[in-house]
Amino acid sequence: MSNLENADALVISSDPLHPANLIPELCRSFYQLGWVTGTGGGICIRVGDKVFIAPSGVQKERIEPTHIFVLPYPQAAPSPHTDRVFLRRPAKNLKESACTPLFWNSFDLRKAGSCIHTHSQHAVMATLLWTGPVFTISHQEMIKGVRVGGTGAALSYLDALEIPIIENTPNEEDLKDSMADAMIKYPNAAGVLVRRHGVYVWGNDWEKAKTQTECLDYLFEIAVKMKLAGIPTLLNEVN
Amino acid sequence: MSNLENADALVISSDPLHPANLIPELCRSFYQLGWVTGTGGGICIRVGDKVFIAPSGVQKERIEPTHIFVLPYPQAAPSPHTDRVFLRRPAKNLKESACTPLFWNSFDLRKAGSCIHTHSQHAVMATLLWTGPVFTISHQEMIKGVRVGGTGAALSYLDALEIPIIENTPNEEDLKDSMADAMIKYPNAAGVLVRRHGVYVWGNDWEKAKTQTECLDYLFEIAVKMKLAGIPTLLNEVN
Amino acid sequence: MSNLENADALVISSDPLHPANLIPELCRSFYQLGWVTGTGGGICIRVGDKVFIAPSGVQKERIEPTHIFVLPYPQAAPSPHTDRVFLRRPAKNLKESACTPLFWNSFDLRKAGSCIHTHSQHAVMATLLWTGPVFTISHQEMIKGVRVGGTGAALSYLDALEIPIIENTPNEEDLKDSMADAMIKYPNAAGVLVRRHGVYVWGNDWEKAKTQTECLDYLFEIAVKMKLAGIPTLLNEVN
Amino acid sequence: MSNLENADALVISSDPLHPANLIPELCRSFYQLGWVTGTGGGICIRVGDKVFIAPSGVQKERIEPTHIFVLPYPQAAPSPHTDRVFLRRPAKNLKESACTPLFWNSFDLRKAGSCIHTHSQHAVMATLLWTGPVFTISHQEMIKGVRVGGTGAALSYLDALEIPIIENTPNEEDLKDSMADAMIKYPNAAGVLVRRHGVYVWGNDWEKAKTQTECLDYLFEIAVKMKLAGIPTLLNEVN
């Protein structure tokens, strides 16, 4: 294990924008937003061939840089329960985020540089009020902050937003295949909602992943308010 | 009293994770969440044979480490109105939290290491919309953040959550027996709701008590939203 | 004016609990709670024969100790538009809070040591849903955080809370007489609601005024939620 | 470009009230209020013949003073897509806010010293519940915090507030003409709502623009609550 222990340099940096510093800072901010309470949710950042991932089952607002895992990318057979290869593990007795195989979907299928998972109640309420396989809204300015497929060109105000909804499973890892299926079926979607659970959103880098998560969360929130007020969320005259 | 005054060392530590430092920090955070406004609510931490408890009737976001009481555990006859034994009392003219006998229930009946009491409006609204003796919800990811009986194994997504609701009394101390009765009748419950008042939640340590309080508060909040939107909170196909 | 300028010592102190330091700090906190946005609302603190008051029409979250007015108490004829006597005026071109004559009601009629005025939407919504001259709620734990008349003994859980509602006037100062009338008619009330405007709450000192404002704001908020959900806020079996 | 690079002195100041320091600070505060998430919204400040503007499409809570653009005022032909004249551009590859031509409306038509744009959900919900060309509310104390036309005398409690609503366009710049038309048609309005998008609010200086935005946002929020609760927002007896 000495190689892994020597690998501490991978998470020690005085640069506040280093992924090992950003992940704790962003998780504190997400906690304030109600996205990652009760140890839920999280964020990963991929820089080239290295993926930085937070631990599982910890208070997300109290993560330290030294708690961060570093994994090489790509690696073979990223199936849910395969043993993973690490460049660095924390000294503490921690386990990498249970979201790891789902984050991997965003790298493999969309070449994403970052993926965020929240338990936002706006996302969950959207999955309860949109009972089918897809959430839709149109004619909202905030749609323009979302990119086609999460990593492409920006959507227009005239584009209707579609986010697929998959059914939850008892083990988070087991969402991998249905999330991948939804990403393939909805290639333009910037995220995947998980019914009664939350949302996964990705982007080319952490800024894009974060701002797209903010836009989608805003859209889930206002769509829920509109639905409960009897206002249609999808107008027919969409181009 | 000189023994008690000399006991100040029990609450002076440079370690931010010392209970006398944690309680003020956590209470400030709980204030931001709306859980302990108006002097209500609080948290206690037990480390082995010592229990750290905040004062009663003070602004919870302005507690200082020197305001913390330390009591030996166990101690005989922890009935509501019995005189208590202290290892340390604050110099200021303060009284220990009125929740003390209720916190004791969590130690005696569940071997908890920490217990949290909030006046969260989500908890109170849940007790108003669930008019019977128990709050229930199923098929929510956040259920997985709660442990059986508060200190056992984690619940599964397929487990329905049950939290008993007891009736409020004019004096907080007088909730001791009905809370204990509910804990015995619902051995799997991680907390006890008090109608028109709030909730008590415990765990093996302060991290578990806090994250479980976050999960339960999230579940009360979304359950209230679901109920008001006409969405069932308990699905029949629960295993 | 040199006496007044020399009076700067009245607002310069290294003690964070000095009224000239507390008022800015508390106003920042009230801003976060949404109580004093848009320059509305405020707090005054009386220490014996000196009253510390914030300026009118300024951003309440950006007050500095040097902006604070100090007035002697008592002073003759505190009618709405009478010239007031000052112990200290800020050097800047500021005017004392338009709430001054209303704050004075709490000193003259209840011997209060502090009075808080908020534009909280919970208070305003309560005045819109309770269309008569009084807001009432019973059987809520948070009622216990309120004192009889604001400065007396604590209410019991079995006491119904009553807060009179007065009608708004174009000029804040003109509320003085109707507020005084309501305080005389409802001697047990710890505050006065102003329809379509907000609430005044007082206490023996700033801690009591603040925690009672928190309790009342909590009660307005939950009462509004209950009313909108069709849940009665006043139970018949009140003692 | 050396002139522009030398122009860095325009945005470097130790004064916290310098526009290049204020814009980042205020944007962080607006982010906390949910006004500028997902890179949306912003603020500009004009001091005499210089206009300070934030960049477009960036995280508004992470702006640095060195990211600020400075433009001379007035300048010819401020049409939406005209090339603009700058006194200073950031070294980074940034583009000035897409709101620039709309901010210009507030300078040209109202001599404003600052203009704020938010995506507040209260504003958007108001545009969905008020389906016509104008939002109205009367008899709310917070109306007194708004000035006639944004830069004139303060409104009275007896004045009904009117804010015109214009229809959104795919490109923000293309709102320029319809916003100007609305400002001319409603000369007393302190802001312009954009349907399914947000609001523009201006004032004589940044303090006035900010406090008026707070007042309007408060009024949008409470008007939406009132409308959903079936309470009329416009009383007939308005003077």
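As written, the chains take the letters A, B, C and D, and residue 1 is the first residue of each chain.
Following the convention adopted for this analysis, a residue touches a chain if its C-beta (ideal position, glycine included) is under 8 Å from a C-beta of that chain, and two chains touch if they have at least 3 such contacts.
This is a predicted model, so every value here is computed, not measured.
When subunit A is fitted to subunit B on its Cα atoms, the angle of the rotation, on a 0 to 180 scale and to the nearest 5, is 90 degrees.
At the interface between subunit A and subunit D, under half of the residue numbers involved are used by both copies, so each side presents largely different positions. Inter-chain centre distance (subunit C to subunit D, centres taken as mean C-alpha positions): 32 Å. Taking each chain's centre as the average of its CA atoms, subunit A and subunit C sit 45 Å apart. For subunit C, the set of residues that touch two or more other chains is empty.
Interchain contacts close the chains into one ring where each touches exactly two others, per the touch definition above.
Chain pairs recorded as touching, per the definition above, are A-B, A-D, B-C, C-D.
Note for the complex: subunit A touches subunit D at residues 139-142, 145, 156-158, 207, 210-212, 214-215, 217-218, 221-222, 225-226, 229, 231. Looking at the complex, you find that subunit B touches subunit C at residues 34, 37-40, 59, 119, 121, 124-125, 128-129, 168-170, 194, 196-198, 228.
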